[in-house]
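Next come two complexes built around subunit A: one with subunit B, the other with subunit C.
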Partner chain A sequence: MNALRTHQALQAAAERRAVTTTTRRHVHLSSSPLVVVGYHLAGDPGAPLALVWGTARDETPHCMVVPEPRNRALRFEALDEFAIDLLAYLSRFEVRDDGGTCVDAPQLVVPNAGTAEWLGGIVGRFTRNLRTDGDAPPPASVPLAGKHLSFFGDLLPGSSLMIAATDALTLHWQTGQLPSEDLNLAALLGWIDPPDGLDGPAAARLGEQAPPAGPDSDPNWDADVLADLIRSWHVAGDDPAAQAAVRGELEGEIREQLVPAWMDCWRALDQLVALPAGDHVAGRWLSDRKVWTAHSARMAEGRAFFRNIPTPVQAAGRLRFLESRTQNLQREMAWDDPLVMAALVASGEALAGRVVAVDADRQTFNANGRRQRRPMITLEPTLDFARPAGTNLYLSRHPSVKLEVLPNDASGLIRVEVLKGANQTKTLGLLPTAGDEIVLSPYGRPEFYQRSTVQEIPWTHLQLVEDSEES
Partner chain B sequence: MTNTPVTLEGFRGEFPRQPLNARRVAGALEAPGCQRRTALDAAGVNLDKLGSLISGEPRDRQSPFALTRGNQFEQQVVANGMAEIVALARRHLDLAIPEVRQHDLSAAAVREAYPGVTGARMNELRARLTRQRTEEMLTDPAQAYNLIRHAMTRLDFGGETVYLEQDVLAFAIDGRIHVVEIKSYPRIDGRADPTKASATVRQTAVYVLSLQQLVVEIGAPPEVVKTTTMIVLPENLSFRPTAVTIDIDMYVRRLARQLASVPRAADILDAIPAGTQLPAHPDNGADNDEVGAAATAAREALAVLPPRFTDGCVSCPLFHSCRDEAERHGSIARLGTAVAGACGDVTSIAAALDLADGRRAPASPSEAAVAAALARGAAAARIATGGLA
Partner chain C sequence: MHAEPVTPAEAAAATREQIWGTLTAGARSTLVDSPPGAGKSTLVREIGRRAHRRAQVPIVVQTNDQADDMIRGYVADQRRGAAPVRLGRLHAGDYLPPADIRTQQGLTFSKSLTDLHDCDVIVAPAAKWATVDFDHSWPFAIVDEAYQMRSDALLPIGAMMSSLLLVGDPGQLAPFTTADDTRFRGRPLSPLETAAATILTTQPETVRLALPVSWRLPSQAADLISDAFYEVPFTAGTQPHQRRLSRGIASLHRGRAADAVNTAARRGWAYVELDDVPMPPTDPDAVQAIVDVVEELISADIALEDEYGTRPLLPSDIAVGVTHRDQRDHVRTALQVARARTGMPVDEVVVDTANVLQGREFQIVVVWHPLSGRRDASQFHLDAGRLCVLLSRHRQACIVVSRGGIRDQLAGHSPTEPVWLGESAPTLDGWHAHLAVLDHLTDHAV
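Let's look at the complex of A and B:
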């Protein structure tokens, strides 16, 4: 918790309303997202109970219910409904541009990370490899949708193909409640956008009264409503009229439980769309489109395979890739957003200040005694900067300009010299001029060359022998 | 009002009891230093009922579906004379189990053998039987029962002895005792839900520790109870059991430390006014006035016990009322452990903001440090939103 975030939390509590922690939006928002909410049977994530989904907020969302979630045939029959709609939605994003990249990519919006994990990690994981040729096969759409869900369940940091509303909102707002309370979408929205006449905490309490957004249902509702309905489904036996009646009743109850959460997802999107997008959001969406294109090509060729358990080398390589993508995301967010950069200034990693003087023609001698141009910038720091001489910083406006902090004198001014990026005639223009307010950040351009791939199992991923002897 | 000190029994009064189990001990330790929770736990107060009484909300039951599934799984793995468990133990704990002699010490089984024993005497009896069986296990391993279920052990909690019903199995082979825990959340592709897994490990540590204390009482070294425990989970979405062995030594030692630092319940009660007592829980048919009066009385009784609000409180049945209290007092603890930690010994939101904005001069070096850090954060935000990039 950095000092800025702490102060924002205190402020939110005092003002009784969430405080924005960004000035920009750091996620891409699609013009036609697919919003999905759902429940599984308590204690049994492999038994979906209901899904509610739709692409337009003013239309009644679709709703699928499984009257006996533990019945495999009923489960597939219901999942088929969702799968057909999902496949139809995804097929709208097959149009490619001249370069072969899809011109737009789909976007799934779910209320929380739990739902995202459940859809990708459980529903996708356990339907993607179903065989459709054996006894009592599932509909062909189900394993196809399972593969797509597995794809959406395994995305990179900074991807906007799947948005978990609570994660996206906590990235942009700080509330005055416990971090674990932020996982409740309705309560979180109460802090961010309280209805008229209520303050944040009161609206959050109101949100807590709403049925849960899934994937776990309210245990009291399970006991009071669902148990009876499942019982009446068994009583109905093979009578189609009675079955239809139970289904209708269950659907009504499910809509009452899940449609508020589905609407809350749209409210979350409304909150986000009001923020102007950061400059790098489009770039990240382009890479999302490329990832989507690759996936849809693999699906078309029937080559979309997913490993249940990655090999150690795959896991290590994946981890390395995720780390570099996470760093990239942090870098880009800081460049795009002064308020995100401010957190680094507050923690002392970045330096904010006013340029006092710029000596563009300064020359030093290198180790070989040759002259080299090392322009020097003198800054008056706005907040104390205590990093030692030799610390490398980069101009936040031009991250290609690498600087080094020089030993400071008693004046309180900070002197930095340019190591690269603005020490040649054509790049000198990137230097700031006296009087500019600038920020020097610890974030330079990422390495251009890819680091070597993981070839051998690193020690972190060595597997212990399963039945190791006890000492 | 008398001047006699408040006893735990006196404090609980007519309020329903709920004996401690490992889950509750582990839960109590998630809210370290909370005197309110310690006193209620040591007195064996039914927290769920108390929580729903003072917050006026129905208590969260466990979903019947989750219960059914958990029971189904447990029945399946213990069916056929624990064939599955024995096979898993042979493989994962590397035990040569030539023959299984099992013994059930659950309340129902003991009641059959000793009719007429009830209440606290039942607990004592079960604890005594557990001790006997364990002693036999260690002294005569060839003849004694080597698998006991639902043992009853004792644990010292805040200076009070609490009875603990173990829902684990204890295997004794070659004079060593292994603990086996059965859980019903799935292990998917070799990986279980980390939150649930860590809760399981903490609960199992409670059992291991109390068993260790038992064998020490008997006169055997505590290492007789192995800290390598086996956890049985369903594999993927099926009911097929799979097992993982974990050495929870670290958790057992941490638990022992935590238990040693639990404030003594007697000391807590000494500090509260004489005559403080929880009300009787209203009957099912009680009208609103009666429930309201009981709720007020309960809140008054609790008010004298200082709470400590942290991130871990979410799982406590009293969460809603303690949260309201923290909010009423404008306490920084309301914002979570991370913020509270960053604010050091400044405990009120208003005071922290006053320090940050310079409306109040810091009274101590630690306040000065908090003030400097917060002021820096606020200044950085001001510069950033002032149009600086």
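Let's look at the complex of A and C:
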């Protein structure tokens, strides 16, 4: 946690209300998201108990229940209901533009990272490779939905294809409670948007009384309600009327438990939509659309495979990609949002100040004795700046302009020279002018290096697995 | 039957011959574990000199600094009469050759391999080797700092080189990523493993040897570092009387910095403990204490005595080792300010993080303890490799600066890091290593 975040947490605790940590919204919000909440059987994430989902808040959400979560046939029968709806929802995003990219992409919204991991990870994994032939085949929709869920379970940093409400909210707000307490969506919303007459902590306590948002259910409810209903299911035997009665009762109980969390997801979206989107959000959504397009093409061609264990070449490529996306997200958020940049200024990584003078015509000599243009900016820092001469910084407004801090004198002013990006006639216009308030950040435009690609796994990474006899 | 080698020098020479014997016998992969300053770079250079007679030898290092140091080592060898080799330094487009070797005879700098085809030995960081066209191939290459190299960086090397000598220090910092690595943890051949671990997994017949003697660490340090951080023990190659620091100028005023320098000169270690107060990473008092020690070291007119002779201590012989980059920046700034104030060349001291100092050597190292001023002992700060790197860069003496209360911090520490299925536990527990080091340092407190 950086110094500014710490300050904001203390401020939130003192004011008894969450503090905004951003001035912009850094996630894309779809106009028609699919909001999903669910429970699995306690201690068995592979046994879904119920899912509640819907694309419009003013409509009653759909609900599936598995009256005996340990029964495989019942599990797939129930998942079929969800799968059919999911496939129908996703099929709305198949329209391509002239360039072949889907014009819009789906967005799943879940209450917390736990639910995201459960659906995209475990549920996706145990359904995506099910065979639809054989003795007791699951409905064809289930493995298809499993592949889609696996896609949503493996997204890159900065992606908005799947939004975990608690993650999205804590990116934009700081509460005065512990990070582990922020994992409770209802309590978190209490801090951010307390009902009239309540302050943050009181509203959070109220939220904690609400049924859990999943994927784990309330153990008291398990014991008092669920256990009895499962018992009734077994008592009902093969009697369709008795079965329907138990199902109806279970669905009623589940709605009571999960619909509040489903509504809270919409409340979270309301909070987020009120913030104006950051400039780079559209760019990240475009890459989400491209990722979705590629996935949907692979699904159409029957090529959507998910390796549990990637090859060393795939893992290396994936890691490099993850690293660059992680870094880009950090930079873009700081460029888009002065409050995010302020955290860097507070920690001393970035420098904010007022421009005192700009010498655009300054020249120096390089190592070979040749003249080179090195404009100099002198500024009065807002905070003490304790980075040594030689530190590289970039204009936050024009990250292509690379600067170097010069040795300072006793005046308290900071002098920086332009290394590149604003030392040619056509780029000099990017220099600030005296009187401007500017920020020099550590984030420059990402540099691209030409890399050759390793095609085949080389001998250094080829593990020969010997055929060993069963022992 | 061979006679048992008696002196450290003979033991080291015997190991070198053993390594060369393994290579000439046609081993596809050979791994040499080397404690700090055990002549790893000397070994790499010597093998390079011997092997180029058969084919050009690529040397893969991990950073530009290491590549430049490797070149400097070759230049120094030739000055001492070693057979000259034509050197190539392959580098990225924005790299500037350092002034001291820019105009060296028999050395070619280039960003393109085509300019270097008649070089005997080509030195470049792994990241640069990853950019060359993989149509090239070499029968044999040397990888330096194989425990610092990430497994994914070895992929292009494996694609071009058909046999490898990997050399590295197993006590160093393991490679890391800034990205979320959950997806890669505990996987076989994870890209986050070290190159050395990868080769040991895929090539079970790899010959694994260890260099037995540290030429860098003085005898006061070798035992501690060997006990606290290494599975295979090693000894110092020098006797206590062979290394000495003597002050030319007695300290004008008594103070902790003067005491620290005096204790370090006498015993090879000194521990400056500040008040036990939780502080942000850029603790200004710790910065000041470090600056004081550096000023004292430079103003004391210290003479260095070792197996090569006696010479004055230069600012560039001193390093300050820190944990975080903002600590590095604060110390550098404070030293620049001190220079402006006193005119002493304190800013010529090397200040860097443990990650950057890995594999480098100095006469005296001032260490900002990784746990100083913290309230928690996180895995990052407990990392045995980080502490080991910081405490094993020096030939003469090491001065550690820290806030008090580290023992309480270690005692009150509850680990919060997940345990990954399929991932082998580290052979060294940072928690125990820290305690062992702390016990030792307490004896040298000033």
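Everything that follows uses one rule, which is that the second predicted complex is superposed on the first by the 445 of 471 C-alpha atoms of A that agree within 3 Å, B and C clash if a C-alpha of one lies under 4 Å from a C-alpha of the other, contacts with A are read in each partner's own complex, and residues count from 1 in each chain.
We take it that a contact is a pair of C-beta atoms (placed from the backbone, for glycine too) under 8 Å apart; a residue touches a chain by one contact, two chains touch by 3 or more.
Because the structure is a prediction, the values reported are computed rather than measured.
> In the overlaid three-chain picture, which partner chain does A:A14 touch, first (subunit B) or second (subunit C), both, or neither?
It touches subunit B, and subunit C stays clear.
> In the overlay, answer first, second, both or neither for which of subunit B and subunit C A:I309 touches.
The answer is both, since A:I309 touches subunit B and subunit C.
> Between subunit B (first) and subunit C (second), which does A:L178 come into contact with in this model arrangement: first, second, both, or neither?
A:L178 sits against subunit B, while subunit C stays out of touch.
> Looking at A:A3 after the superposition, I want to know if it touches subunit B, subunit C, both of them or none. Which is it: first, second, both, neither?
Once the two structures are laid over each other on A, A:A3 reaches both partners.
> Applying the touch criterion given at the start, work out whether A:A42 contacts subunit B, subunit C, both or neither, answering first, second, both or neither.
A:A42 contacts subunit B only, not subunit C.
> Report the partner of subunit A that touches more of its residues: subunit B or subunit C.
B
> Just checking: does A:E437 make contact with subunit B only, subunit C only, both, or neither of them? Give me first, second, both or neither.
Touch partner of A:E437: subunit B, not subunit C.
> One more residue to check, A:A389. First (subunit B), second (subunit C), both or neither?
Once the two structures are laid over each other on A, A:A389 reaches subunit C alone.
> Check subunit A for residues that touch subunit B in one structure and subunit C in the other, and list them.
Overlap of subunit B and subunit C footprints on subunit A: residues 3, 309.
> Per the contact definition, I'd like the list of subunit C residues that touch subunit A in the complex.
28-29, 92, 96, 127, 130-134, 151-152, 154-159, 162, 164, 177-181, 183-184, 187-192, 195, 198-199, 201-203, 280, 282, 326, 329-330, 332-336, 340
> For a test of understanding, state which residues of subunit A touch subunit B in their complex under the given definition.
These residues of subunit A touch subunit B: 1-11, 13-14, 23, 41-46, 121-122, 125-126, 176-181, 201, 217, 219-220, 222-223, 226-227, 308-309, 338-339, 341-343, 345-346, 352, 382-383, 396-397, 437, 439, 467, 469-470.
> In their complex, what parts of subunit A are in touch with subunit C?
Spelled out, the residues of subunit A in touch with subunit C are 3, 154, 157, 309-310, 312-313, 315-316, 318-320, 322-323, 325-327, 347-349, 367, 386-389, 391, 407, 410, 449-452, 454, 456, 458-464.
> Quick check: in the complex, which residue numbers of subunit B touch subunit A?
58, 60-70, 91-94, 184-186, 188-190, 226, 228, 236-237, 311, 313-314, 327, 330, 332, 334-336, 338-339, 341-343, 349-350, 352-353, 356, 373-374, 376-381, 383-385, 388-389
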